[in-house]
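Naming follows writing order (A, B and C), and every chain is counted from residue 1.
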């Protein structure tokens, strides 16, 4: 038992797999209680996410933004920050890219590149603010980022209504020159809305890996994340790294928003509430243990669950809410494991030290 | 009569056996030392006796009766009291309020303060504790706070008192007072279990001693029939030498010079108040003092971790006052920080990464912005070997290493950078005798290589043994200089407590 | 660390649950006997929105009963779901696929283009006039129904203060507002109309606080066109004095939410529209593809809730009937935009 526990603590992969299984079991119990057949539902869920090329394409389309928001949260976590503002940075990413897409008249390719960059920069700047406030005033980033989420949401809504459209609830569709869709790719997947954002997301995962583990900046970011006092002692600027980390995190989130807008929706509409993609990023990062590969896997799982979940609703008539419960249960188990890991570790250390 | 009998006590924690079939027998009216290195299992054993842990195996008898100590309140009923290393007192409350906390005497729901104060005064007088029942905790000295803790256990009717490393926080004078009080307690019929790893104190006050090593009982001895060296070797499991071999050397140029330094502590109050200090090449200057007299702030100010209010810090003649930590480090200062977990290491980093904590962005460890892992690893392998850091490999996180090996890693990193000034703050705190030996040798080696070493330690023994000169710090100032080859411990102790010394050494 | 982790964990669970939970799903389904099948995709409001999604579904269930149609709903959780949901039905080759709500105005043309042999219907949007041949756009003259609500409110207010709560500012909701204000102006030029937008169709709490503010400010009758937000209006009015404070519902008869406080509801017969179009396809093989079907008072597409006379006195009812007739006869042109409202003379 003890040995088992230790192994689980040491392997985030095992923790994640066990959590996924447990989470799906919880979902199955819920379905049984509500009178649905969980086996049929899960089969529908997983097969239909891959049933036809169109479904595969749409599944990948669902996964893409989750990778980016997951990376955003994961990178911030790595540096000891809890970026709940991914949602807001995502929205700002959407907003900036739709502004560039609609208001600038640029040649193809250039247009989409500028729009993507605008989104990424917008996200980074939106995240700069909480980072700066934390570094200079010690304001906790959870508070500021939550508030900024709402500001971002209503800012986007206001601009859509009053500037980007004629009093309507959504903007016009973006011009072809700013679209991330690529006919060759779409036609491969039965005209699904799969888009080039996928490759940007994969590139971002690699960037996160390379940055954190292969560069001196990453060394600092991780060091500050683990132990700010030792980092200060070692001559690193905790404040600078904190702001940097928030900005890179925001950059990923903004990129997520930009690609989602330029690739999937192709217009921005007024939202009554948050999109949830940013919040799902927290779940993805937790399940993926904040590592780029883990985040890719976790985003894939959540993407399959999300897309397959709506098909499940279609095929097995199981309400979509069950899928959200599975989500929450998975996260619950991952986090509970993390808590136990931290708890036993610190307790054990205290014992061995003082015994 | 045996007051406490613990037989065959075994306690397992995930991954370790903290207590492995331990036997402890304490006779009525004796001072019984529990001796062992850090991590030997002393605290676990006492926490079992005090009811904080339940043993997996074994039985406990108190005054001959078999008992299950289910918790601290049960221990209290059995007459067991514990004086913790870290005091559990409410600062703004008075002594009396702290003592009656949780068992307040009341008249019709109101606290009967006068009665309580009378009782506290009575106990205080009886055991010679000299505590003012009306004083507030925040206004009294650490020594008196400890006496309040003792009073608290007595007030609750304890006759078996466990002292957990009580001398760690005290000045030599306060230690004398504590020893006197312990004598009084025993005379009045109390029994004391004294947890320590300081051999000298055992020789001074204890009647018998039980030695624990790696969770096992080694032996129980009468103190009269043994000596320090024998106890030490039983504690460590091999022969240890206490003497540090140190040749006389002529110090060279001044490396570190501090003039009229003022530094505020975290709350903004002055902690260092106009301090002057000089350290020359080829000497170890020891800073002796009771904890909280500005040592931490002084070292942080030198290393750039804390801003100074006024004054100058010079290194080899160059002004390094208020430079950033990185600039201080790169101008030739090595720093073994006071708290290796908080400052010295990033515990979740591998040993290899910790070895380049300051130099990761310099060649050969980095080319431009790219880390050069092969160089970093090579460097770490070399240091691990040279400094005998016992680790499975250099990819192991620092967290997984023992305290001694963690500290060796810090020292390896700091010494390897070949600084002109090496600052060592509490370099052996919490370490076992073997590691202490190793670290002491390394510090002297630096001195012999002509480096300036500034040693800050709360262990007076350590300062006396290693230093060429001792600066005694008191309330943020150097209260006096002492020559360790001639000075008596009492003399240093007097300075540490704010008294004047007759034998000041010219600096 | 330990404590903080728990906090983070709780926060995450909370965020994920709330992010995902809209309204609970409702199941439909059944077997077509004569091979007529229809699919309905809701917007993010969900099936039980007490609004057009729900009424549309009523039309579907009626089609099941009367036409033996095989019906199925799909609830969209995000705007991104519209296209895949429509596509799923299209792949099943359902005889008609409905997208309920103007939010489908970009998804429907996209999917319709990809499945040219498939029939689609959109409710509440005219697609800017460019309606593909395989799509029917159903819109309502909400301003006409709202005008009658304005007549009721303007006639019955004691304080000469009435209110309007809108969902998200959009041309559609402006139609409600303009019609309502015109109706009030027609019968009671002195009455003041307070207008507030929740900028949401789902935020019940927001609806309640807006309503509370208006009532506290002396307003005694509030009409809403705000989807789920409107539930907050009914929650609030219920707590107030009977016979003094009133609410007016929208889309369907909402008097069930506060029976003693509901004057009327501006009923939008999405069910009738949806059903009629399906019936036409099934029985007459006729489909008004490429056209906008506009339903006003005349066509019975909008109107009063049937039990309006419960709280509205006969005198006022007569006035309402009078205005209704004038509108049907074309004697009154009800304004549908802010600009038209300005030019409207009672």
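As a convention for this text, a residue touches a chain if its C-beta (ideal position, glycine included) is under 8 Å from a C-beta of that chain, and two chains touch if they have at least 3 such contacts.
Bear in mind that the values here come from a model prediction, so they are computed numbers and not experimental data.
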Practice prompt. Name the chain whose C-alpha centroid is farthest from the C-alpha centroid of chain B.
Written response: C
Worksheet, complete the sentence: Chain centre (avg CA) closest to assembly CA average -> A
Response to the item:
Per the C-alpha means, the centres of chain A and chain C lie apart by a whole-Å value of 34
Discussion item. Just the number, please: Cα centre separation of chain B and chain C in whole Å.
Written reply: 74
Fill in: Distance between chain centroids, defined by C-alpha means - chain A, chain B (Å)
46
Practice prompt. For chain C, jot down the residues that touch at least 2 other chains.
Written response: none
Worksheet item: Of all residues in chain A, which touch chain B in the complex?
Response: 2, 5-6, 213-220, 222-223, 226-227, 229-236, 344, 348-349, 351-355
Worksheet entry | Parts of chain B lying in touch with chain A, wherever the complex brings them together | 13-16, 18-19, 38-44, 215, 303, 305, 324-327, 329-330, 335, 337, 342-349, 353, 357-358, 360-361, 366, 369-371, 399, 403, 430
Discussion item. Using the touch definition from the top, list the residues of chain C that touch chain A in their complex.
Written reply: 1-2, 5-6, 8-9, 11-13, 15-17, 19-21, 24-25, 27, 29, 44, 72, 74-75, 77-81, 83-85, 87-88, 91, 102-103, 105-106, 114, 168-171, 174, 199-203
Response to the item:
Seen from chain A, its contact residues with chain C in the complex are 52, 54, 58, 62, 82, 84, 142, 154, 157, 161, 167-170, 173, 191, 193, 260, 264-267, 269-276, 279-280, 282-283, 286, 307, 310-311, 313-314, 317, 319-321, 323-325, 327-328, 331-332, 335-336, 338-339, 342-343, 346
